[in-house]
Each structure stands twice: as structure tokens, then as C-alpha cells.
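The first chain written gets the first letter, and so on, giving A, B, C and D; residue counts start at 1 in each chain.
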Amino acid sequence: MSKIRVGMIGYKFMGKAHSNAYRALPMFFPKVTRPEMAVICGRDAVGLEQARAQFGWEEAETDWRKLVSRDDIDLVDINAPSDAHKEIAIAAAEAGKHIFCEKPLALNLADSIEMLNAAEKGGVKHMVGFNYRFAPAVQLAKKLVTEGRLGEIYHFRGFFLQDWIVDPSFPLVWRLQKEVAGSGAHGDLGAHVIDMARFLVGDFKEVIGMSETFIKERPLQAASSELTTGLSKKGDIDAPRGQVTVDDATLFLARFANGALGSIEATRFAPGHRCTNSFEINGSKGSIKFDFERVNELEVYFTDDADDVQGFRRVIATDAAHAYSDAWWPAGHTIGYEHTFTHEIHEFMTAIAEDRQPVPNFVDGVECQAVLEAVDKSIEERRWVSISELR
Amino acid sequence: MSKIRVGMIGYKFMGKAHSNAYRALPMFFPKVTRPEMAVICGRDAVGLEQARAQFGWEEAETDWRKLVSRDDIDLVDINAPSDAHKEIAIAAAEAGKHIFCEKPLALNLADSIEMLNAAEKGGVKHMVGFNYRFAPAVQLAKKLVTEGRLGEIYHFRGFFLQDWIVDPSFPLVWRLQKEVAGSGAHGDLGAHVIDMARFLVGDFKEVIGMSETFIKERPLQAASSELTTGLSKKGDIDAPRGQVTVDDATLFLARFANGALGSIEATRFAPGHRCTNSFEINGSKGSIKFDFERVNELEVYFTDDADDVQGFRRVIATDAAHAYSDAWWPAGHTIGYEHTFTHEIHEFMTAIAEDRQPVPNFVDGVECQAVLEAVDKSIEERRWVSISELR
Amino acid sequence: MSKIRVGMIGYKFMGKAHSNAYRALPMFFPKVTRPEMAVICGRDAVGLEQARAQFGWEEAETDWRKLVSRDDIDLVDINAPSDAHKEIAIAAAEAGKHIFCEKPLALNLADSIEMLNAAEKGGVKHMVGFNYRFAPAVQLAKKLVTEGRLGEIYHFRGFFLQDWIVDPSFPLVWRLQKEVAGSGAHGDLGAHVIDMARFLVGDFKEVIGMSETFIKERPLQAASSELTTGLSKKGDIDAPRGQVTVDDATLFLARFANGALGSIEATRFAPGHRCTNSFEINGSKGSIKFDFERVNELEVYFTDDADDVQGFRRVIATDAAHAYSDAWWPAGHTIGYEHTFTHEIHEFMTAIAEDRQPVPNFVDGVECQAVLEAVDKSIEERRWVSISELR
Amino acid sequence: MSKIRVGMIGYKFMGKAHSNAYRALPMFFPKVTRPEMAVICGRDAVGLEQARAQFGWEEAETDWRKLVSRDDIDLVDINAPSDAHKEIAIAAAEAGKHIFCEKPLALNLADSIEMLNAAEKGGVKHMVGFNYRFAPAVQLAKKLVTEGRLGEIYHFRGFFLQDWIVDPSFPLVWRLQKEVAGSGAHGDLGAHVIDMARFLVGDFKEVIGMSETFIKERPLQAASSELTTGLSKKGDIDAPRGQVTVDDATLFLARFANGALGSIEATRFAPGHRCTNSFEINGSKGSIKFDFERVNELEVYFTDDADDVQGFRRVIATDAAHAYSDAWWPAGHTIGYEHTFTHEIHEFMTAIAEDRQPVPNFVDGVECQAVLEAVDKSIEERRWVSISELR
């Protein structure tokens, strides 16, 4: 198969990010199977057509069921709101389409398991959008862990800090409504940290968490599905208000299967942090630190450096020795957030060509969901919860 | 009273730090009541005399009871090992001496309460050695919180990370033995973070923690009460081994009385972190970050900065506007760790002159101990524990 | 004109960067006139066809004269080696094509003036590729200067530090040969700093410089026109050697027309600096700092910040208040080096639509060349040289 | 000689710093010959007595000639204003006293040579106060250079940036008057950078500079010999004004005897820089960076680090492997600016005990003065000046 024809459902933030990745792949990775941007799908015909033209899709389609049933589509890319993932993914699996689904895989663990089962039954390739794995600096982190260069892992400390809703007049957008978003900071941001921990440290064993909604009511406002660009746009403080039904912040402690200790936090109430998705790992031979706001960098420390020059190194992961560097620019010329998606699509296209499941796939989506729910349960019942209780 | 005559018990790491502070105070704060370095006390006469001469004390005394009962001593400074604090403090209180006691105040909450009661009954001034409060950058943090410039506080994230015992051949020093040290990373490092949180955010309401001893046995070795300077000195890996009876790392989640969420960690297993005592606070109007390895700096962010120049500021707390700056050097000329103690003694001398209790005092020591024990209990019973359960 | 048909000459590093920008523009800036990727041109038919397919150009052409004379081409994009710029640009101007020429505009001032004259005579739009101006963080720098928020400018300190040829066995590539490259670090890197200084501070008045070639001979090797990705690839130390005929490093002092003082350095011998294109500006009301390795950030200091919270702010130029932010991702989601070119093309397309010259244009190319040559002359004659001596 | 009795002339900023060092030495370096704080000398009897009591000197003396002629004084410490150095130093040398003289050694090269000659003739030990050499992080820099771990040195980039007189209403203090201070930013700040370059790279060969006085007149005001603590205290903008007769900023390029290139700048007009005394050195095997505002840190890069983990390391020079660490605190517990002086006195006491000249001594003071004057001459004559022209 020299080309994979893609049908994409959703055309907002993630739709734009995915489209950009499909456009970039053949330019920067010409040897990889080329994804063809066949059909884009959304409910609002006007906005959809605008997106189609802008992003460069061949056709637009307002009915996702039609898209899924087309013979000329090989892969269905789902970045519609979270509450639509399950139905579409199962239909796609039944139609024998490969599936690229944004995170969170589903609104809850049970749904995500259904999706995984459907994908396995359909014999299709499936991938879940934990894009941060694909930053070259994170790939370097993985390499250092895998090669044992950090030794035995003792600690994982992961934080995803944002500040876009700190203003109490910021309106009640869909991301603050449980029935659509499933979860707040926990599922939106914490899910990324959980996946990062699983990627770099391994499976979770047990967790205990806490959660808070600091601003309990917010102005109702005409629908907007968009994230803000910049600090929180202020809303109308005098508008009628509705209930915020998701968490503003969720923190939890964890024990990993390998004995490492974890501390994880997701919050939208950390002023000054536009998008601090950061982690630190401490092992017996060294430590690493990452912060998404400096997505090209990894800080690295080794205990066996010469005694008088021990210190964290600031490694810019753009050298020839770093993942994906051949495709891009000379050393020191950084790439942006967007190409975590390009590398993700690279993995999916490569996996199809090699007839294997891409990584991360629905199994990872399910495992992440299990941890999310274990945390929720631990909060509700105010006790430690084993991941195995849920699976 | 124009002079306060001091008797100090203990002459190792903290004894040196305190002595230096007593020497520095009259030089840099000439208007403050002068502490006179009267008597230094320790068990080993040879080492003690060496310390006396080096640090500049008038006399040496090997029996702390004699020291406490001398008429010419106004203040007893206790920096002996933790298991000796209680007996000395109570004797000093009964003798009507003011007491400066290193942290942790005692090995457990009950003891610390006894000490507080004794001090109150004795009508003496009492202070506990939470020296980090006295870094000018931390004083700035306090000022920003107190003046409401960070708004309502949502998050406290505090970490004290060290790496001096990562090497498994590092010997079983007293700090790794529960009967002498009382606790490991939790009581040694976590106590500082707890006090910092209480200082800046307020009282704790409830906690839940986890703990681990990564290296369970270590080589026995001739006694050493000293911290290492530099990365862990390796010990003899083939020597007979003994059990490590304290925690290598303790983490906990917390809810504060004012509703803020806390995440606190203390570990000695974070390679690359010689002494990362750090915290971040997020409030509705701004955020602050501190790292002890850059003790003169505070990072500060305000939500109401102009839209196009929002970002964390690196403030070097050496300007005229910062605490204690008059005493020291021109702006940008940083001071060292040691002068957190100088400022601490400054507070004690000032409090005596003003006939008020210094801050932090034994009440703060007791409150800190209560949180430490609540965490211990939460680990043992695997559940959330209210601080009020213990008081 | 709703589309501009582009013919591009050169298909290596810069050809790839420009192609990417042409592809990105309609996706991210759909309202801007769309550049059509019509013809790509190069000498090697095989490599050219590969680039055409990879980058997405309609046709390939090995004769640049044919390309320039085609009726269906509106704009000629010149990123061939520097020694070819002049002839192509003049031909393009005579053919009435708009011209986008990479820097350095020409091998010397006289040639660059000829090019400017030809472009003006041809009545075409002309632009020169000083892409660093178009980083959002640099646009913020410009805004702060222009709005007077830094006050009167006192100092410009600019450094472009690289390390790709530190290894003495690195081969004698074309960039190290004067007849092809025109200049070494000075023209390649220093030119960018000079343009940045002109952009932010204004015209140069006089300069004095120094220069060095640290490694005077290098192994001859099969031709390669590519920059290395990563640290210097080692060459064959035993191969026959040739003379390095350009500077490894050039430094100069400058006085600007407005009285500000400048210090500028370009070197390829700064280990650890893959691509440190950095500057600092100090004015009477504040200072700013920029480092290309963190291309999304600008550090900003204001003298009128409150006394107790003065410090450099780390501004991540991805907020709504920052240039181009509407086109990209939510705040804190950084973009890469490559989009300095996208913004550059944005300026060119907009200028054509508005029937004005884009900025920077050949006048800026000429002025930059004048400063470069004044520095060369100052080195040769070991004296201060006025820019006016050369114009 | 088990004790050295010191007579110190001057009791302001440097007098305080030196006094503190004399007090600290026996406490932290008990094995080193002890300096006895015998006599402090100044013109104003009242202020002097206050300083005597505060700093802990035995006696006060208002006539420096009497001090110099006392039999019970072994060492004369000169930190009076620069215009008084020469006369005192020569008298001290003639009286056979060892001499510790603050930088700049003298107002000009000729005077400094006279001083050196007198000291040599008197057979006394002589030292000049380039205290920054004695920061442990700078000692580490020296070690790396000396051991060849940076390879052949290519570049020295040194900047001393301050901002205390940016406000035009800041008064005309003595440091802005040529007849007392000798020079402005150049002699005050640039001298330190020149010495650092000589210490780490070696002798200067030739220089060319530029200079500016941005604010040419300032309010006259009651005498103050003190540096400001904090950002510039504002003066009375309506007060009568006098001429500023020194440079606000001086920059120069340099060639070292070993072929390295240098770029050096001293300015008091860099807002946000309270005391940025910084340098970077690039060699064939690595690079180092230092910034006085983080006096305990050195950034270090090695070209032979493993390919995938290359980057600048942040080394905190408080490990056992670092200079002076035994005397201070555990690793990660930083020391302040003040102890550069303690280490300086350590060197002087040790040199006397070992009957050798301390380093840096008057020879270094003379060499520094030669470079300063060569720069001045190069500015005046607008040409490159060899250091050998002046010696």
C-alpha cells in the first residue's frame, strides 16, 4: 500500500493539528507511506467547507457514518469531542478501517474497553493521540531509560499546569461540562502525564488522589469549542451562570508496578503556566527533566560524571544523535509543538507498512483510562485504589 | 538587656552554622541586642575544645546540665541530635532560660507538646530553627502573599530533593537510624517544607502520604554525625550491614484550612539535586517559585501584567526593597545559606528586646510535628488523616 | 491578484525551508494571497526531481534563465549559492518578476547595489531573507522598542555563536571557501546580527573589527553543500588539505547613528552553541534579551516595575497579544524555527497585495552589506571605518 | 609567625567586606595563620569609631601615617579611595609592611609601577584585590583551563553590567568624578573583567575600544562615598548640576598573546543587571560560562560528551571536589559574595606563611592597569594599541 486514504472527523484545534501533520509528513519524511487527505467531516457545513479549503482536504462530508462506510477510506481519524469517540470508533472498526483516535479514548473505562475490543475484532490498526511521546526530547528520555542509563527508577514527578480559566469570568465552555468533556484537568491534562509515566516508567499499581473545583459557577455563553490562544479571554461577569461540573485541579500519588513512586498533578489554576507539561524522573544512575514550554530540551544528569563537573545538562534534542533529526533542520534549529503530531502520524504509517500495531494504541488508551478512573474512585472513596480493581 | 549570654549544646553542622550567626549578628546588625558566645557544650572534650577555639566561644562544658543551670546564661541553644532535644529543652525552661531549638523540635508530637508546655510554664522565649523562612527571597514571598498580591491561594507544591545517599554503599549513619533521627527524609527535609507551607499558606487540614526505603540495608561503619559535603562518599560495600530504619522518601497530598491544595515531597534519592528545597505557590492573581539552590532568587508572576509582557520575573532579593538588605552588600551581591541563621538570631534577639515570642516558635514546631505524624499515620492506615485527630 | 506563481532557484537547506513556508502559508494564513509552487530549479536533474516531488512543486527546471523568462511566473525566489544571486536577480528584475533573495544579498556591496538598482528599475517588489526578524519574540522586541517602552537605547550586544566546524578534521566545504561563500562567520552569521541591530536599533555609523581563522587548513572532500545536522561530522584527518579562505570568527564594535553602542560577534568556534543567535538591548527604561535556541521567548525588564519585584520576565511569545498568534496554537504551544520563513512569505504576499515594498527588502540587504564591508575594511586597515565611506 | 596584625585604611564598602573576611578566616580556616584586626583607620573620627566597634577592630586611628609606622602592624590593608592608594602603599612598603591593596591599584599605570617597585624594594608581600578570582566556581574555571579540559582557547567574552546610575537624576557621586575615581565603568568594572581574562586566558597583546558618557551632567549633592543598595536611588533632578567626567560604558576588542580573541564590556547602563559580572570562554574541547549573580555556579560544556547528551551542565561549585568546600557547608548550600574576600585573605595569609608572593599581586595590578590604559589610548587615538607600547 503506497498511500493511505484518510477520513478525518473533527476540524477544530485537533483537526487543524492533525491536518498539518498529514501535510508535513510527505515533505519531511518522503520515504514513509503517504497519507492522502481524502475527506474531512463535521456537522456545520459552512465551517467545515472553510476548514476543508484551508487545511487542504479533497472532500467535505457532514455525516460521519457516510464517511466511515466509504470504500475509498483506509483510516478514520477521530478528533471530534470526547463524547463522540466511542460510537465512531466502533463503527470504523466494524467497517475495517484503521483508527487514529484523539485522547481521551473515551469518557470512561468501560467505553474504552469496548472500543479496544471492537478494534481487535475488526482486525484494524488503532492508535491513540498521546502526541507528547513524540517530541524528540521525550524520545531521548525514553532512550536513556531503556538503555539503563538512569539505572533503577525511583521517582516520577509529573505536572501539567495551565492557567487559561483562572479568571472567574471565563465562560462555561464545553471543556468545563462533564457530560461532554468527561473530566476536567484530570482527563484533559492528567491523561497526558499518566501516559508519559506509563511510557517512561511502566504500569501503575495503585493511586490515591484529591480534586477541587475552585470556581464553581461561570457565565453561560454562546457555544465555543475552542481553546483560548493567550491568557484567558474574559467573559461577561454579569451573564447568567451555570455549574462547572468538572475538576479544576486533580492531584494524586502513585506506586508503580516496579516500585517507583509517583506524584502527578493537573491543574488549570497555575497562573504563569500557559502549558507546563513537565516531568522529572530520578533513577539510581541519573535524572532527567522535561518541560513542554521548552519542547526541544531535556535536562540530563548522570551520577558518574567526573566529580568536579557534575550538573544537569541542557540537551537540545536537535542533534544528529536525536530522534527524527534527519528530517528537520540543522542542530540548534528547534521545531514546534505541531510536529509531535507529524511524528505520531509517522509512527502510524510505519506501523501499517510493517503490519504491526502502532504505539501508543488503544491498549494504552485503556490503561490510561483505568488510571484516571482509579484516581476518581480513590477521590470518591478517600482511599488507595489498585488499578487491578478496575480491570 | 544589652547582651544575651548564650550557651550552645551541639557543635557539629548546626553548631557551626549557629556560631557563625552569633558572630555575624553584631557585625551586620549592630543595633540589635548582642548575643555573647559564652559556653559551648558537647560530650567529646577534645572535639569540643577544638570547636570552641575555632568558633570563638568563651568556655567549653561537657555536661549540658551544668550549662543549663549556670546563672550567667540567658539563652540555651539546642542543636544536639534530635533525641536529646526534649530533656534539654525542659531543663532549660525550668531554669528560666530562653530556648533556641533546632528542628525537628522533638522525635514525636507528644514530646514536642511537653516541650511547648514547659517553655510556656517557664515563661521563657522559645524559637525553633526553621531557618529557610529567613532567606530574603522567602521573606519577599511572605510579603507578596500577606499583601494579597497573589490573591486567593490555590496550590502549594513543595519539594525537598537531595541525593547524598543514592549510592547503596553509603554507610548507615545516624540519620538513617530511627531511634536517633526519629525519621528520615520526612522529618529531616519534609519538616522544612511543611513549615514553609504553614508560613506561606496557613494551617494544614488533612493529609495522605506514601513512603519508601529504597535501600533497605547499608554498610555499618564507625560513627559519623556529619553530613557529607559533596555527592555521597562511597562506603565499604563489603562491610557488615545493618537495617535502614527510616524513610528514604515520603510524599503526601494535603488540603489546607483555607481550601488550597498541597503536594509535598521529601527524598534523598533525587540524583543531581544536592539541596533542592523548592516550592511553588499559585494564587488567583499570581504565582511564585523558589529554589534553595538559588537562595537569593524568587520567580514572580502577576496576572495583571500588561498582556504582551506576561512572564515569570527572576527577582534577586538583594535590592533596597528587600528584607535585611541594609545590612549586607550592594544590589546583586548575593548572600549565602548561612545568613538564614543570622536573620533567625536577629529575630530571636529582637523578640527578647520587644518582650514577645519570636516566630517561628515551639508552637510552630508542634504544628509541624502534628503534620509529620498525621502523614505517618496516613501511611500506616492508608487513609486520609485530619490534623485535628492528633491535637 | 489572488495567487502568486513562484519559481524557486535552489533546493537545499534554504530551498527546503522556503518550500515549507509556501506550503504552510495557505494553511495557517488563509486570507493572505496564496503562493503557488510552480517551478523549482537546480542544476542536478536527479536531485532536483527528488526535491520537486518531496517539496511539492509542479514542475522542475534545470535552467534558471528559462525559469526567469516564463510568463507564468510572478515571483523568483533565489536561494542558490551566494555567488549566483546577482546574475539571477538582475535577470529576474529585467523580466519584471518580484524577487525574494536569500541573504547575503550578494558577495559584495557593489553587486548588491546593482541588484537594488535593477529591482527598482524593473519596478518589482524585492525582499531579502532576514528571517529572524519574523520570530514572534523578535516582533515583540520591535514593538517594545517602537512604542518607547525601553526608552532611549544605549546598548546593543549581539552574538551568533555556532560550533559545527570546531573539529579540525571537518572538511573544507563550500561555506569555508571565499570565492563561493564570499565570507565566513561574518557574512553567514554576522549578517543576521547586523540586520537585527538595524531592525531594532537603527542605522550603523561606524565600526571597527577583528577576525581570525583558527584552523587554516582542512581536509579536501567530495563536494557537499549541506550544513551538518548535529555537531560537526568528523572528516578524514589524513586526506589532502586545502586552505580555509574565510573567517572562523569576526567581532566588531559599532556606534549607531542614534548614539547607541554596539558589540557584535559571529563565530563558528563556540562549543556547546549549536545556534546561539542572541542579542541584548539596554535602554533607559528597560532591557530585552533574545536567544534563538529558545526562539519563542523574550526576556524583558522594566525599570518602572514595583521596587520589590524587579527582574527579567521570561515572556513566551505565544499569547493572543503576540504577533501571528491567531494563526497558530493555544498559548504556551511553541512554534519552530521554520515559521520565521512562513511569516516572511506572509509579509511578501501582503506587500504585493498592498502594492508596497516588503520589509526587509534589497535596501536592507545593501545596508547590511555596507556594514559587513566596513567591518572588513576596518580589519584590513586596522582603524574605525564610517559606513558613509562606502556608500 | 602565628598571627599577622593588620592595619586597615578605609572603612566603607570595601572596609566592611575586608573586615568580614578577617573575622571569617579563623572560624572557617582554623589552620591558616590568623589575621589580628588591630587598627582601623579613616578620617572621620565619629564614623570611624562606629565602624571599629561594629567590625570588631581593636583600635581606631585617624592618621594613616601613624598607622603605617607602628611597629605592631605587619600588614597594611588599603581600601581608601583610589587616589590615596599610591602614597599609602609606598609608605607601607618603605616601613616594611605587607600590603593588601584594593583594585584599581592606582589611578594610572605609572603610579602602579611605582607602587610595585616600592613593594619589591621593601621586600614585602603585596596583593591586589581582584576578589572574583576566589569564587569556587571561578576556581573551577581555572582548573578546567589549566588541566587542558577546554583545549586551546579561542574566545573570551566578558561583561560587567550594572544599572545603578541609569536614572539621570542620580547624583554626581565620587565614582563619577575622574580626579577621585580615575575612571568610570572601565576602571571600576572593566578592571575586574580584564583581571579575570588574564587569570583564565593569559596576557593581552593588543586592544581597541570605545567609550561613552550617556548622561553628561548630574545633580550635585552632599558627598556620599557609598554604592547604592538596590536600584539607583533617585536624586534631586532640580539641583544644580556638575559634569560627569568618567565613562558610563567602555567596550573593547582584544587579541591575547596566545591568539585568543576577546570582547570586553563594562557599563553602568544595563537595566536589570544589578551586578552581572559574567564571562564565557570557548576552547577547542569545551566551553564555560559564569555569571556573578549566580556566584556559586559554572556552566560547563565538553565536546567529547556522548553524542546524544551534549549540553551545558549547571555545576554548583559546592561539592567536595570544589575549591574551599571543606571549610563551608554541605553540597548545595551556597555561599555569598562576601567569601571571595575570605578566600583572598586565605591566599595572603598562606603566601606569607610560605614566604612567597600571593596571587594576584601588584604585578597583576600593573598588568591590569596597562590594559586599561591601552584601551584609553586606543579610544583617544582611534586605533589598535599594543600593551607593549605602554610597558
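Points to keep in mind about this one:
Just so it is clear, contacts are C-beta pairs under 8 Å (C-beta built on N, C-alpha and C of every residue); 3 or more make two chains touch, one makes a residue touch a chain.
Here the structure is a predicted model, which is why all the values come from computation and not from measurement.
Common neighbours of chain C and chain D under the contact rule above are A, B.
Simply put, of A-C and B-C, more C-beta pairs touch at A-C. The rotation relating chain B to chain D, fitted on Cα atoms, comes to 180°, given as a multiple of 5. Averaging C-alpha coordinates per chain and comparing to chain C, the farthest chain turns out to be B. Averaging C-alpha coordinates per chain places the centre of chain A 35 Å away from that of chain C. Distance between chain centres (mean CA atoms), chain A to chain B: 41 Å.
Averaging Cα coordinates per chain places chain B and chain C 54 Å apart. Annotation for chain B: residues 230-231, 273, 302, 307, 310-312, 316, 319-322 touch two or more other chains. Residues of chain D touching chain C in their complex: 154-155, 157, 159, 161, 163, 166-168, 208-210, 212, 214, 230-231, 249, 251-253, 255, 259, 261, 263, 265, 267, 269-273, 280, 282-287, 301-303, 307, 310-312, 382-384.
Contact residues of chain B toward chain C in the complex are 140, 143-144, 299-300, 302, 305, 307-316, 319-322. The part of chain C that touches chain A in the complex is made up of residues 13, 17, 19-20, 23, 26-27, 30, 50, 53-56, 162, 164, 227-231, 233, 273-276, 292-295, 316, 318-322, 325-326, 328-339.
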